[in-house]
Amino acid sequence: MNLFNSLPLLILLSSLLPGLAIFLLKEESHGLRTLLNLLGAVTKLLFVAIMIWGVFHERDIEMRWALGPGLELVLQADALSVLFVTLSTILWLVTTIYAIGYLENTPHRSRFFGFFSLCVTATVGLALSGNLFTFVIFYELLTLATYPLVAHKGSPMAVRGARIYLAYTLGGGILLLIGAVWLHTIAGPIEFTQGGLLSQLPHLDPNALRWIFLLLIIGLGVKAALFPLHGWLPQAMVAPAPVSALLHAVAVVKAGAFGIVRVVYDVYGVEFSASLNLLPFLGAMAAFTIIYGSVKALSQDHLKRRLAYSTISQVSYIALGTAIVGPLATIGGVVHLVHQGVMKITLFFAAGNYAENLGVHRVSEMDGIGKRMPATTLAFSIAVLGMIGIPPVAGFISKWYLGLGALQTGDGIWVIPVLLISSLLNAAYFLPILYRAWFKRAVTAWPEEKPKTGRWEMPGALMWPPVITASLALIIGLFAAAPYSPLEWASLIAEREY
Amino acid sequence: MNNPMVWVIMLPLLASLITLAWPRRAHWIGLLFSVITLAFSMVLVYQVFNGGPQTHELGNWNAGLGIALRADALSASLLVMAMLVFTATTFYADAYFSDVNKRMRFWPLWLMLSTAINALLLSGDLFNLYVTLELLGLSAVALTALSDNRAALQASIRYLSIGLLGSLVFLAGVALIYTGYGILDLELLAQRIQAEPLAQVALTLMSAGLIIKSALFPMHFWLPAAHASAPAPVSAALSALVVKVSLYIILRLWIDVFDVVITPASALLIGILGAAAVIWGSWQALRAERLKLLAAYSTVAQLGYLFIFIPLITGLPEGQLRETAFTALVLLALTHGFAKSALFLSAGVVQHRAGHDRIADLAGTSRALPLTTFIIALSGVALIGLPPSGSFIAKWQLLAASIHSAQWWWIPVVATGSILAAAYTFRVLGHAFGPGDSAGKVLNWGREEIPALTLALFATVVLGLGSAGLWDFISNNSQFIGG
Amino acid sequence: MTEWLWLFLDLTLILLLLTLAWLTCATHNNQKGVTYFIAFGLLLALAWARLKAPDLALAEAVIGAGISGALLLAAIKHDDDAQSVNKLPSIKLWMVNLLTVALATLMGWGVWHGLELSDGNRLADQVLAQVPESGVTNPVTAVLLNFRAYDTLLELAVVLTAVLAVLTLNPMRKTYVPAEPILQTMLSWLVPLLVVTSGYLLWVGAHAPGGAFQAGALLASALILLQLAQPTAYQAINLNWMRFLLIVGIAVFVSVGLLMMFLNTAFLGYSSSWSGILILVIETAATFSIASALAIAYMGGRPDGWETFETSTSSGHQGGKHS
Amino acid sequence: MIDILALTIILGGVFFYMTGSIGLIRLPDLFSRLHALSKADNTGLALITLGIAMLEPDKILIFKLILVWLLMLAASAISSHLIAKHALSGGKQDD
Amino acid sequence: MISEQLLFALCGIGIFSIGLRATLIHQQLLSRLLALNVCGAGVFLIFIAIAYRGETQIADPVPHALVLTGIVVAVSAMAMALALRHKLKDLNDE
């Protein structure tokens, strides 16, 4: 068991052990809790760095643990999983800092941070899983770990939102389980293999495969908030800001999208699923969700709900990328996984700051907020530009590649208009906020304004995270061609898939 | 030392006698003897693992004449689970019963219950099964009647009369078998039995009696009242062990002795009853107001799953598939045993601390007892069948078996059952997130919470991750799987 | 000719048994039910005698009709006569009837087929061939205490559990008004007679119908009579003795069994030379246990002082009180 | 010869039992019934034991039968006495 | 001419079903208890009818031992049931 093989386990443990330790901490020991959190995040980042180096140099990193006949827990690191792991590790570090600041003197923090680390462990586990069985296990663990976070506040609204979230995700989980078991019975253990496992297996009954694909996509679609299954996401906005930031930008929503990518590329294989003409169904669903999400976002006055609907539409870009059978589209889809995460987390951080510092929840109350909180609003605007797809920020690249990919494979006729319409809609529901924030004068007093302490507009732990993530989005956008950039990594993935 | 099977039965019996003769030291004796018996059951499992199914002919008479104790993989694993649950619950009971005269009444009966369970699991003779069933029924009823309120008394009276009826119907089946074949030993019977009318009638009678005892769907009405009104350690033993042990006999009969006689229709019927139990039990658990009532109804539901396995196992062809399905059944039985006893023990802590266990106003207690809520969450996870638990793997194999044997109709039943189970578990857990102050110490009822925690951890972590060894232990040490 | 006579007698016996069973089950009135039940028990003893099962006739007479009858009569003594009879809805009644008739025909067919199938002497020859080595000549006692001794051990455990339940549930029933002198004088010679006969039954069990259970039940009936007639004499029970008596049966049984396991590798595997003596030792212990168990069952509950581990009951209650 | 005699005696015994039972059903009140039962049954039993004694070769068994008869005599006398006393003293008291 | 075995066995089945029917119908404990004992007696009668092997041969001792155990178990179950009933009566009177 050399270092490389045990790497995935070390990554998992680096957030699991602090999480369990935090559970046992008394409520008052804040210092120790913060130390444990940050220590866990830093060690995980370290291990991820080693793993990136390993995968780049073709080292096979794999760990197997038998659970039953034909059932094995497999943790292995290939290009796709490393991408998702790096994304979630970096953003987890930033969100931990933000959460520590945000949850100052609130109750149940030991419980919160305990489940917070469990949630990241599940996400990382999900990313590193090497076969469908392990993926399903971590998929269900993710639901378990996120339920207490959504219900953290304890208000009746929070518990109701959590219950709806649970109903959707457990329902999806059951369908995913049935699909996975069905596939497992007819095709034996499903290992994620480059270019798809099922294409290599002979004499599988195509109808069964179509039904299974439907079950898997619905199961994953719940978390990826595809159109009919997205109901839980706006309800879950009632969770505290760091939760909605991490969960709805990185962990839960991306888990669904990541699952779809895995199923299409590594289980079915793109050409094989195209031959079973499964992809048009997925493409249609994704496209409709993109449009539906943006349209709904227009009418939302509550800032976080608007961001929620925009998440619904943004995540479907990834599904759209996978639905188009072409390397460029794949790159676009996969790289959007990272870009959307970074941008959306900035937006949620900013929304959290507005609510925390000034008690601003609604877009209509945001007049002249730029003057009062310049740093946060600057980060907010960078992220908004990225979301719309304006060049310097990362969002533009993924949309660009998606467009190119669609043209390349000829289904540009319906993909380009979708991209254009959604960009326009994005602009329609984001730009008024910017205009209101920068160019309007703050007429009334802020609902619950907190006194300005020291030089900056608000405590550092809350102000710096959105700035960091916004600058990260900017850097990814500018230096897209750099060696270790997400774009490079995505093209590496696309190469291996075809 | 040489034959653990005899010690596993005689030690609790002797302990029961000593606690009756020497009441002042009862709890020490109870604790000591249950730990020693646990050790002996481990030795037995080790022997079965090495030497295959063990037989001990009592009194040196050959099996036809005398009685033989037998232990194969199924009974050995159930025995170890029973003893683990029993020992943990004994530590819990030691702290749970505070007033002296209840302690004094509890111990002899409690150890007699353990004798009955161990004797039943190891018995290889039909009439001996009847006597152990009676001993089990009577000691369980006596323990249920320990809580001196009217509800408990009425429940235990109904439990007794139903139990006696079940045993008598079982005895009628045994009488028919003796009429036709003149054999009482299970193994000899397995060789002689053919698919003729007598065997079918006898099997129907025996199964009817056992279905009454293990509270399958139409005959389950006595279980919720009895398990909910009994004291916590007793209801833990009742739900996790007593009902499961009479189900063990059904398994032994249906899959080992009478598998030539079983018709697919009869297997399907018992499966349908199981499915009805799953749906009805989960639905009632969702509507239960008290935590212990919820746990009792969930026992009815979980046993339904075990019954669903029977048509699957008889439907699958001989060989690897059937062995996997059978091992999944055993894994589900073991996990349910641990999870349900942990749930009842934590319900006991909640009742002790808050004076009541009504779910509606559970909020304050679940925040003041964080560890107990965590245990309830863990056992809930195991009951639903979510990943870290052994029942997730068992449910995975259950679905796989129903696909292999093309009996599709079990899949929606399992799906709705799991969703309903999730609903009633998280209904209880939802209360832990109410507004209000944060919890004080994590562990405040140590002597009661630690046993419950170990049981819950057994159900989720140990069986969830460490159950790989179980599969080949059962498939190559069971007397009957695949000839 | 005698064959027809036997058939006629059998039919009358069966008819009587069925009518009595029907009457016991049909009445809602407790007193009537119990009397019918006792009559049914006695008739059943006659049936066992007819079917050449003398041990069972004895046991049924003493335990089935005697002790059970006494327990039932003691239980319904304080019943108020109001019998709330809630009739079941007719559909349920009709369903139950259908179920029982179907079950009866099924079993009848099963038994008929079973009798055809088997050669008639199932385990009999095997057992009767081994009886000489079992240390006793009476085959039933041989089966009970040697071949299937484990069953008897568990059965003693069942009796102990039942008595434990009786002890834990309620306190001892109040004692009765002291009986007239006539009963007391009768008892003065009847009780010793009962004790002697139970000793005789215990001893004779080795080679003729009799044995631990019948002797134990007889001893218990002696104790019950004693309690009925002279409540005062019965008061000063030494609780330690009672606890000891309750557990001596099983304790001796298990220790003999374990001893034999050490000697010759099988639990309860009596070494053939002195299995006779061992069986007798076990039987005497079992008799004491059964006698004390059934006597306590009739007493209705735990003598005061049992809970607080005193050695003997408080010497209060001189003379019976009105219950 | 002996058999016919024994048979008649036994039939006589049976006849007495019959009268006892008829008495039990027909007679109006408790005391007369007690009277009928104890008297008729005892003599009936005496006759039957006598008849069987004649048929039975084994001496000890005859002795046992006579012992049984004596016990029955004592038992029925005392029990009918108790029942009568109880009935006399107003019935509702404890026995 | 049917054999005594079958005759008495059918009588045993008759008693068993009478007892079973009454157990399912009666609600009060005592009538149900009597019915249970009658039902038990029925099963025991089946056992002993099977054990009967004609006038000349000794009957099969195994069912005799089983039924003896059964009778003792039945009486102990009855004792427990009556104790439960007595306790319930006390609780009702309070």
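Order of writing sets the chain letters: A, B, C, D and E. Residues in each chain are counted from 1.
We take it that contacts are C-beta pairs under 8 Å (C-beta built on N, C-alpha and C of every residue); 3 or more make two chains touch, one makes a residue touch a chain.
Predicted, not measured: the structure shown is a model, and the values here were computed from it.
Taking the definition of touch as given, a chain qualifies here only if it contacts subunit C and subunit E alike; those chains are B.
Chains making contact with subunit C as well as with subunit D: none in this assembly. If subunit C is disregarded, contacts among the remaining chains split them into A, B, E | D. A count of C-beta contacts for the chain pairs B-E and A-B puts A-B on top.
Central chain by Cα centroid: B, whose mean Cα position is closest to the mean of all protein Cα atoms. Most remote chain with respect to subunit D, judged by CA-atom centres, is A. Relative to the C-alpha centre of subunit C, the farthest chain centre belongs to A. Chain centres here are Cα averages; for subunit A and subunit E they lie 70 Å apart. Averaging C-alpha coordinates per chain places the centre of subunit A 98 Å away from that of subunit D. Mean C-alpha positions place subunit A and subunit B at a centre distance of 43 Å. Note on chain placement: the centre of subunit B and the centre of subunit C lie 32 Å apart, centres being C-alpha means. Residue positions 9, 16, 20, 46, 50, 62, 66, 69, 73, 76-77, 80, 84-85, 87 of subunit E are each in touch with at least two other chains. Touching pairs of chains, sorted by label, consist of A-B, B-C, B-E, C-D, C-E.
Across the complex, subunit C meets subunit D through its residues 176-177, 179-180, 182-183, 186, 190, 322-323.
The residues of subunit B lying in touch with subunit E in their complex are 127, 131, 134, 138, 141-142, 145, 148-150, 153-154, 156-157, 160-161, 164-165, 168-169, 171-172, 175-176, 178-179, 184.
Taken together, the subunit D residues at the contact with subunit C in this complex read 74, 78, 81-82, 85, 93-95. Within the complex formed with subunit B, the subunit A residues making contact are 23-24, 26-27, 65-69, 71, 73, 107-111, 133, 136-138, 140-141, 143-144, 147-148, 151-152, 154-155, 158-159, 162-163, 166-167, 170-171, 174, 177-178, 181-182, 184-186. Within the complex formed with subunit B, the residues of subunit C that make contact are 103, 106-107, 109-111, 113-115, 117-119, 121-123, 126-127, 130, 146-151, 154-155, 157-158, 160-162, 164-165, 167-169, 243-244, 246-247, 250-251, 254, 257-258, 261, 264-270, 307-309.
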